[in-house]
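Notes follow once the structure below has been shown.
Think of it as A, B, C, D and E in the order they're written, each chain with its own count starting at 1.
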Amino acid sequence: MTARFGSLHRLPLVLLIGTAAVFLSTILCVSPGGPALAASLPGTLKIGVLAPLSGPYAAGGTSFVQAATLAVEQANAEGGVSGRRVEIAVGDSQGRVDVAKAEALRLVSREKVSALVGAYLSEETIGVMEVAAAHRTVLIVPVAATAEITDKVRRDHARYRYVFRVGYSLPQWAEMISAFLSDRKVRRYGFVGAGIRWNHELAGTLERMAAAHGITPAYSAFYSAGNPAFDPIAVAAAAASPDIVILGDPGRNSVSFLKRLREVAPALPVLSVGGALGDARLAASIPLSAPVYVQAAAWRGVSPDATAYVERYEQRYGAPPVGYSDTLPYDAVTVLVAAWRTAGSVDSAVVVPVLEFDAFPGVAGTYRFDAAHQARWGAGPGTLHGTFVRWERDGARIVFPPR
Amino acid sequence: MTGGAANLKIRDLTVVFGKVVAVRDVSLAAREGETVAIFGANGSGKTTFLKAVAGLVPATRGKVAYRGEDVTSLPAHERAARGMRYVSDRSRVATRMTVLENLEAGAWLLPASRWNAARERVFSLFPALASMSRSPAGVLSGGERQMLILGRALVAEPTLLLMDEPFLGLSREVRDRLLSAIETTLKGRATILLAEHDAEGAYRLLDRHVIFRNGSIVHEGTRSDVADAKELVLLLHRHFRP
Amino acid sequence: MSPLSQVLLDGIFAGGTYALMAAGMALILGVVKVINLSHGAFFTLGAYVAYALAERGIAHPGAAALLSAAIAFAFGVFLGKSFVNPIRSHPFALPVGTLACALLFEQAAQMVWGPHPLSIETGAPWVGPGGLLIRRWGAIAFLSSAALLAGLKGLLATRPGLPLRLIAEDEEIAGSLGMDVEAIRYLTFGGACAMAAAAGALLSPSGAVTPTMGRAPLILSLVVVIVAGMDSIGAIFLLSIGLGILGNACAYLLSPQWSYVALLAAVSLLLAARPAGIVVLAGRSD
Amino acid sequence: MTALLSAEGITKSFGATRVIEGIALSIAPGEPVGLFGPNGSGKTTLVNILSGLLFPDAGTVRFEGKEITRLPIDARYRLGVARTFQIPHPYPALSVHEALRVALAADPGNRSAGEGARGDEEGAIEDLLSRTGLFNQRLVPCALLSQGCLRRLEFARAFACRPKLLILDEVFSALSALDEKELLDLLLAANRDDGTAFLLVSHNPPLLKSLCRRILVLEEGRIVRERRV
Amino acid sequence: MLPSFRGGWPAAGIGLLLLFPLSSPDAFFLDVFTTGFLLAAFAASWDVVGGIAGQVTLGHALPFGAAAYACALLTSLAGWPLPLAVAAAILLAAAVGAGVGTLSAPLSGPFVALLTLALGEIAHEAAAGNTFFSGPGGYAWGGEGGIPVALPWQDAPPFASYYVALCFLCLASFAMLRFSRSGAGLILRAVAGSPITAQASGVPIARFKRLAFTVGSAFAGATGAGFAIHVGRATATDLSLELSFQAATFAAVGGRGTIVGPVVAALVLHVLFQGLSLPPAARVLLYALTLMVTLRFFPGGVVGTVREAAWRVRWKNGTGSFRRRGRGRPGEGGS
């Protein structure tokens, strides 16, 4: 008797009930409005920080959280926001869009954060954007550079107006690199990067922008993470005899590639677009037979703020920041806190206009957002513009922009 | 039970696989140098019994004592180190190893100094193996494989030989060759448990015989109980067909 | 120096790296009959040991290889004895179990040494005949994989290697001949892990040391081992070198982005072309 | 009378070793034929070629006049050529009943009949089970069966396609006398009542003589003698 | 007796899952469960290929991702209505499965795993490394950012997603269970158990292997399309080896060839390790340790080990201990 009743073969009945329940609850839960912001909590204010803390991207994600932590401490040292302490709540996005979305939901619905900062990879960030838009929560994007983010803000401002990017857009990266190449009298460059969309787009944008300076690409190659064939790339890059080789979005692979390249072409200069090569711990083992340049958002010595930040970071974590993915999250939190202070509230409806119209000083410069909520670059002192440094045996030296 | 000092004593050995009781409360003793033939239909538990004695399958219950030492809890390789050798059916040669390597594996526990002599002894018993010693065992015929398997046991100079259907599917000629090899090297020197179908072949070796049915011993007899192989066949026939 | 010949020479070296990993995996596959997905983790372990030594001023790859081999052997024996051996009878549980072990190690490495890439100085390459560069790490990888595989071949051909081959063919018989099969299995597992760690230590200066660095070489050596099998050490070596050359030639002549795809496609074609050599019954005449 | 199965010029090598060479044989409908040969004479290879598990390097195999040289074993089974294995390879997780359902599902007549044939299928299975004496074991997973039962299951599986030709590889070796007798009776009954031809491979001459009308003797890959009983 | 409750537990489980959202959990929990349901359906679809048919595939993300990408491209670029795009995506996944099945049918054992791994990785490389399509914004689509799915709604209420995904999981696993117990499923289990005997019983094993790949891939495709809709985007992760491994892991822990086992394992492991919001390091360590401990003590998978034990209990006293029954379904006897 029992075998007949409960068996999975009787599932249709259960499913019928289930389907009925689906319709019932869909009707039930469509009616009430969206979730309320937990801005009115007394005591502390929470900022949700999303970054990959496990798996292959854990290095970038860890630095990301470290920078955000310093920023919050700094904010609290300056008295918090209207006397309320600021805290961060961390979510591990694991490099996956579904996890990033789920963690963003957790931060918003359970941790009751007032704003989000993150995520690290482009796909994660685009997923988190949807959560931010749905919950009308401010999201500051420090790293992900894809044009899709700002494009969405431009096209559907009403929905995505909560999203601001302090990180650099591809044209900004490309513009800066072109200026630097021009300054170094480079005529032909080689471009090598991981075979991801970001690098393909950077290479394309750079080619267009550099052409204005009369600089042409001599070689470009994208490698696969499954079998990064660095030897042939290094040989081919050297054979094309460019004046400099640019490494796009480099993680640990940049170190391996640089070693391969220096074996074949010891005198060929290399420019790393941010990434692991800005790491002082690595610099000691990098072959420096020719210049190694690193493009960074900020560096020790660029401004008093930058120097102070680098020193605090080094003191806390044992090594200076690499200048990009562990500097911009600091600025993201700083900008957010400044906007809260100005607005006198953490309510998104009030904070968004403040972010849209005010200027916010940070380590890398002063942030002003354009119509697509992308931080604008400027030429004068105090504006955003990025920095190039060159590694020497005893540390890095700022070489661009010229003072 | 026959008199004399039994050097292999098995008491109430039981082996259960899942739901199947393969061997049920079997007690058996064998004296030094005695050959005991184990007859039984397929599935009557002969193979499991021999493997349990050799330590290749765990005994569920019961005790195996060899030369006064309880070896029930010892793994197969430690029993082998005490002179036991399990001689499997002919499918169990390492086909990708050469004949010589198969023999050498058999002499794994033998001091290196005695290896050359042991090898030559096997080669003189089975000249066919000597001529093919460098070939992979996979090319051997069935009879040659059985010679190799027996040779692999003989090189180790065993004191207790557990033979599982060594003559299965062999021509009379090969069988006689194997029988005489066993007679010249081991008969009277080592204790032999021989599980067989072939009453005629086994009759040449046995001192005693037992008959298995459904995992138990149903009949025990001595060589003198049967006058010749034919009578043994008749006896077995009676027991196999209830 | 012609770029193409340099690329092909580098391909041989790259193949040496795969062979170095594949040798140990093949040994485990043959004797323990397990596809060990934690092999890459032991490679990573070796690299971290080398880094830790270099940081303390002992930048000698040989010393690092010895120390890391000893550490990996200990861990490998533990893993083999208390995890792999008991669940061997469920062949499907083991790839997943060893993968979990690799994740465990990656996370532990990240907690001990941090997630950031670390690096050891490479040293200058040697210049060979015709201006060809002989990369130091490449030469090390090639020579040590050649030596390792030759040693393995030698071991298997001599008396001490007999149990390994017999266990690969028929464990029960090995046990009945007096070989301690369980012990030989976990010792082999430990030994193969030690080989992976030594490889990691030797190759650590060639790139960056990170917790997940073992993943990429794992996949490629897995490919080598499954296609070549344990039977022929020579086949492992040749296939590794072949894949190395193919990957590099493809990256140079076609596109680097497709070199990984080209390797996998080549292996797929190899499988499609001769599945008959692999089907169970074929070739058994008796 | 046309031959049920005929083979000509069958040759097969593995690597450098030629296992069988230029074998020709034919089996008439309903004819019991024996194949005798010492170990290593190529019996199993020949059986594999005749049953479609291996394809010959040269030569042709015909069944009822149709060439089937490169027809795989499953297609031959559906034509009515069934074989048993010397060492049964059971499906560990399937019961005896299920194992026979698999064999019956492959029968084209059974499959095309659709759901209406379910009763027939049950009937056929019960018939096979009772003929082979496996009825009491029908729900037991194959992994728990004894050797004798596995051999019976091999027979039941082979009979499931109502074979015109049975190829039996050493089926009676290493069996208890009871098992042996029952299976022999089964085979003889099939031969007598349904006109099933069989090719019985064995190294047991008395057995072959008692069962077969004709015995082929295989040595070193060739048929060296043919004895009529 | 324990076996008599066998069928009751799934019903109770489904009832609890239906009740759960009414206990007002937060949106995050609902999201974790929704993803869990999809992963569970994916694990079950792996089990059709890797468990029932015994073709251990490491490229099961291929049909999953292919359907996700098809769903995204057809809705976003071609402007197809969503149901049509989903149907097309499932068909595409089935076709991909048929193709993979055709290629791998002559292979056995680890070679199947290797070939499917290679095919999956090739697809992943193609998706991760290339920007084939230009979206309306003037920037490229594809690559690591993936391709959005154009949905007719915005911000689906988590309740709705939860119930739809649960409903999908129930229907899909019910269908897969029925398939595994059908005649074709029986033949596939025979092919998994012993290909030689199946072949000698007249089973054209290549065709049935292809069938298993096709059916399993169709379900994987349905899950992939659902996943893309839930996440709002198809990304290269949908084609990754990690995802294939994840499915194989759930099957190993739950019990291969049981369908229910992988579903339960996926739900429990996913909800446990995503839902508890542990610190990342603790999560990875605990996840790995749980896997190792489970496999150490249930090497046949939890459901598989329990089922085998029940099996042995039932036939404890040999072949005569069960009653003669009528024409019942074998293997489903209650005592």
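Definition applied: a residue touches a chain if its C-beta (ideal position, glycine included) is under 8 Å from a C-beta of that chain, and two chains touch if they have at least 3 such contacts.
The shown structure was predicted, so the numbers you read here are calculated from the model rather than taken from an experiment.
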Original post:
Counting only C-beta pairs in contact, which pair of chains has the most of them?
Top reply: A-E
Original post:
Which chain has its C-alpha centre farthest away from the C-alpha centre of subunit D?
Top reply: A
Original post:
Which integer distance in Å separates the CA centroid of subunit A from that of subunit D?
Top reply: 69
**OP:** Starting from the mean Cα coordinates of subunit B and subunit D, work out the distance between those two points in Å.
**Re:** 33
Original post:
Quick one: subunit A and subunit C, Cα centre-to-centre, how many Å?
Top reply: 36
**OP:** Determine the centre-to-centre distance between subunit A and subunit B, using the mean Cα coordinates as centres, and give it in whole Å.
**Re:** 74
Subject >> Residue numbers of subunit D (touch at least two other chains) >> reply: 39-40, 53, 144
Subject >> Contacts with two or more other chains, residues of subunit C listed in rising order >> reply: 107, 110, 219, 257-258, 260-261, 281, 286
Subject >> Residues within subunit E bordering two or more other chains >> reply: 121, 125, 129, 196, 281, 284, 315
**OP:** Report the residues of subunit D in contact with subunit B in the complex, numbered from low to high.
**Re:** 17, 38-40, 144, 146-148, 170, 173-179, 203
Original post:
Which residues of subunit A touch subunit E in their complex?
Top reply: 2-3, 5-12, 14-15, 17-19, 21-22, 25-26, 28-30, 34-35, 53-54, 58, 91-92, 94-99, 101-102, 105-106, 108-110, 121-123, 126-127, 130, 133-134, 146-148, 151-152, 155, 159, 195-198, 200-201, 222, 224, 226
**OP:** Could you pull out which subunit E residues touch subunit C in their complex?
**Re:** 56, 103, 106-108, 110-111, 113-115, 117-119, 121-122, 125-126, 129, 195-196, 241, 245, 248-249, 252-253, 256, 281, 284-285, 287-289, 291-292, 295-296, 299-301
Subject >> subunit E to subunit D touching residues, read off their complex >> reply: 183, 186-187, 189-190, 192-194, 196-205, 257, 311, 315, 319-320, 322, 327, 330-331, 333
Original post:
Inside the complex, what are the residues of subunit D that reach subunit E?
Top reply: 51, 53, 72-75, 77-78, 82-83, 85, 88-95, 97-99, 101-103, 105-107, 122, 136-142, 144, 157, 160-161
